[in-house]
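The two complexes that follow have chain A in common; it is paired with chain B in the first and with chain C in the second.
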Partner chain A sequence: MRSIEQTTQEILQLAAQQFKLPAGSLAPGDDFYKKLGIDSLQALEMLSRLENHFKIELPDYEVQGVSDFRTLAERIQARL
Partner chain B sequence: MKTARRKTEPVREFRGQALRWEWCDGVVELTLDHAPLNEIGTPMLGELEKFAAALSGLAAITSACIITSARPGGFCAGADLKELYYSALPLSPQKRAAGIRKFIGRIHGVANAIDAAPIVTIAAVHGLCMGGGLELALLCDLIVADKMARFGFPELRLGLIPGFGGIPRMRRDVGNSFIRDLLFTGRTVKAEAAQQAGLVTHLAGEGYALQVARSMALQITKFDAETRAAAKKFIKPIPRKELREEIALFCKLFDRPAVMDSLKRFVETEDPLKHLPVAPKS
Partner chain C sequence: MLDLRNYSSIGEALRDALETWPTDVCLIESDRGEEKLRLTYHEFREAALPLAKAMQDFGIAPGDRVSIIMTNQSKWLISAYAIFFCGATLVPLDYKLKPEEQWQLLKHSGAKMLITEYGIWRQLGVSPGRANAANLITVLATEAPENADLAGALRWEEARGAQPPVFVPRTRRDVACIVYSSGNGGVPKGCMMTHENYLEQCMSLTAVYPFWPGVRYLSILPTNHAIDFMVGFFGPFTCGAAVVHLRTLRPEYVREAFPKYEITYVSLVPLVLKNLQKGLQARFDELPASRRRAFEALRNINRTLTRDHPRLWLSRKLLGQVHAAFGGKLEAIIVGGAFTEPQTLQFFYDLGIPVANGYGLTEAGTAVTVNDLKPFRADTVGKPLPGMEVEIRNPDADGIGEVTVRSKTVMAGYLNEPDLTAETIVDGWLRTGDMGRFDSSGHLQLFGRRKNMIVTEEGKNVYAEDVEQAFEGLRVKEFCVFAANFIWPQRSMRNEKLILVIHLEPGQAFTDELRAEIAARNSRLINYKRLHGLVLYPDDFPLTASLKIKRNELAQRLGALDREQSILPI
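Let's look at the complex of A and B:
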């Protein structure tokens, strides 16, 4: 099973790929709404990518109010 | 003197402000293309009515219809809530109620015409397919979904239920527990989960939903039209009684002042997950 650190790193890599940012440019504590400038459509697209990557279902109400990668990783970890 | 009944000439091509359709080799493609995300308000409804009217003329020369979207964000985000809110705002409660009943009646006219069309209908869905958008997809006999598509019924956030026939139509294909999950949590589900639930017929790779739908449509053209129409009528009856009950319940719920408050919160929110309930401002 993945550790929370591995999950966090995979999320950062996925987000960097989706938003075409250099690898390593995102940090666990970053506010992804501010850092990536995400709108509602992109937030759901990111959710789909995360669900498909981790092969989980992550209800969007569990990430409502979550804005940093570290907390997002915790929510995903709980579903692995 | 007898007058000969004029046969309706099929309208093979139409380009409007919110949608367009084009007929080719027995398949008609209806493309929704109204910014930002094909919201169903007055312009979209008016042109959907044109399409519904054209279907009877097209049916004789058509095997399949694909409904798709040209908007990059997805298939359809549902009812145009901004238009609904701002048009209802200056009206008295009685006029609001009358207005929504008229709108719902018109949308159900379109929905029943597409649902009952004696041709095979395919929704090619990508991105967001929510609320009224999902109800539009549910009119179709088959749903092809891009693996990145998401489906949801967020209406309860407004104090409403889906009003375009969503629940009765979804019940034809999908178990009640899945519908209750969508309704009571307001969450969206990814395409794979929607397929497992029985909502989505085929999954397509990212960006390939329309291509997969076209391939299905080509296969459909090979079958006898009369048999196909009879099979459809047999296997996919319109749940008219439940639809009437849904309209009555929707209109009853809409009459409450809380709905206008919820619409206002929705219109004003900046929450990125605004399909989920928005907390009242303290």
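Let's look at the complex of A and C:
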């Protein structure tokens, strides 16, 4: 089982990859809407990718109102 | 379709609909590309009536308020029908709100019962806001796992009365729904919508965009939203059509649903429509030069041949591949909830996919005007629907004034807010706060707002007052949030922004620390509620005798400042 730190790091790597940012340029406390410059639909696309990676299903409403990687990691961790 | 002139209530019309088309499919539910449920009108009835009986056994009486907080799914509609069958009033709430906001509205509405999903209840049930809403007696939660802690809720699946329920008739003037158009921080605005509002709105809309058995409507907007409630539930059901629900609204599943279910209509907010446009444009750009030229030639032919009105069969032949991606049966995309850029509308129309844009607000019973496509006019929001009287009040030299509406679809008023109601509905006319004018052919054009709010591209209404609570206790003398266009009116529906106006204590400097605190609080707000800038105001705010800020007066004073120079970045 991954630790929350591992989960967070994997999310940061995947997000950087998906939105073509240099590795290591994202931090857990970052607001992903702002930092990635994405809208709510692109955020949903990112979630699909995270679901596939972690092999979980995350209902849309669980991540409503979440905008930073750390909280997102907590929601994902709860389903691992 | 049913002749809705003959009906007194939503429940009565739905009851007949379920008996008129017993073997037609009314609901399809899919999750992550996998179909989970398909119900005929008869099966829908069989699922709803035992729930209605259980609700009556729980003591739900005519006029009692019952709330639904659910994602778009079959149990939303089944529960809503049971509520109307019992003569109760439905309070549809947004599942995307925070638990404390949901509790505030549950309390304000006086709901006795809540029907929700277990996943939502897990967060809602433990929220401290629950203690304040003592009015809520019964909670039904759907899809709870076997050993789940229900925190006092009962299982929706087990709420089934054995005997037939008693149908409770309502009059047209009774309140059918209390719909919250906004207000989770300031004054909650609960629009009291009557049965007549819905019956009349349904007749108006289906006169322009008809439904029939065989229509498949893809429900993407949340069903608590006035548009989806009408065109994704009441409208299709009273015409024998079917509604397709997706439990996961990820773009890839939405795209897949169009061809899979041969969708006829879909409603979108402008943001999603723009996203679709971007995706299509990217695919066109990738075409090899020769194919791209051929495609553009066909698009030009289509544009010429559909100038007066849509010719769907022709567009489907000319631009077959594009139409195949949308399932080949799409009649129109309905777009609403916010202002849509004309070039986005034109992009789709040129492809032979009509976009039915319009203008409306919850208070007016959803849609006031709709583009009837005869001809298509991307630069307007269409003509008033049948039964709508629309007047422009106090027009200026250019004919632009406040849009006012009189119709049987206008709400009865705001719940528990007689003063606000009296300000909003004057002599039977709804004052919308939106500025517009009619062009020579009777199409309405919009030119901004005169109210202190913004509407995002996602169709979210954000009232400036609601955002202020995020800045409570800020170490300044006083502060106030405004929509920038409210202070500096602009003849545009685009680029609406919220700003924070602060007045520092005497001798206080605007430090980096204060700026950082504002930025931190701002980033904790949900993205669409965030501020775009701040204004440092040097004088005391004008106050009422009870020390409330006189917002209109302050806005007027701020209006004397230069907009561009005054707004600082956060």
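Odds and ends about this structure:
We take it that the second predicted complex is superposed on the first by the 80 of 80 C-alpha atoms of A that agree within 3 Å, B and C clash if a C-alpha of one lies under 4 Å from a C-alpha of the other, contacts with A are read in each partner's own complex, and residues count from 1 in each chain.
Going forward, a contact is a pair of C-beta atoms (placed from the backbone, for glycine too) under 8 Å apart; a residue touches a chain by one contact, two chains touch by 3 or more.
For clarity, every value in this text was computed on a predicted model and none was experimentally measured.
In the superposed model, A:E45 lies in contact with both chain B and chain C.
When both complexes are overlaid on chain A, the residue A:V63 reaches chain B alone and has no touch with chain C. In the superposed pair of complexes, A:A16 makes contact with neither chain B nor chain C. Contact with chain C, but none with chain B, is seen for A:K34 once the two complexes are overlaid on the shared chain.
Shared contact residues on chain A (touching chain B in one structure, chain C in the other): 33, 39-41, 44-45, 47-48, 57, 59-61, 64.
Residue ranges on chain C touching chain A, taken from their complex, read 32, 71, 95-96, 98, 117, 119-120, 247-252, 271-272, 275, 458, 523, 526-527.
Taken in their complex, chain A has these residues touching chain C: 31, 33-34, 39-41, 44-45, 47-48, 57, 59-62, 64-65, 67. Across the complex, chain A meets chain B through its residues 33, 38-41, 43-45, 47-49, 51-52, 57, 59-61, 63-64.
Those residues of chain B that touch chain A in the complex are listed here as 37, 73-74, 127-128, 147-150, 185-190, 192-193, 271-276.
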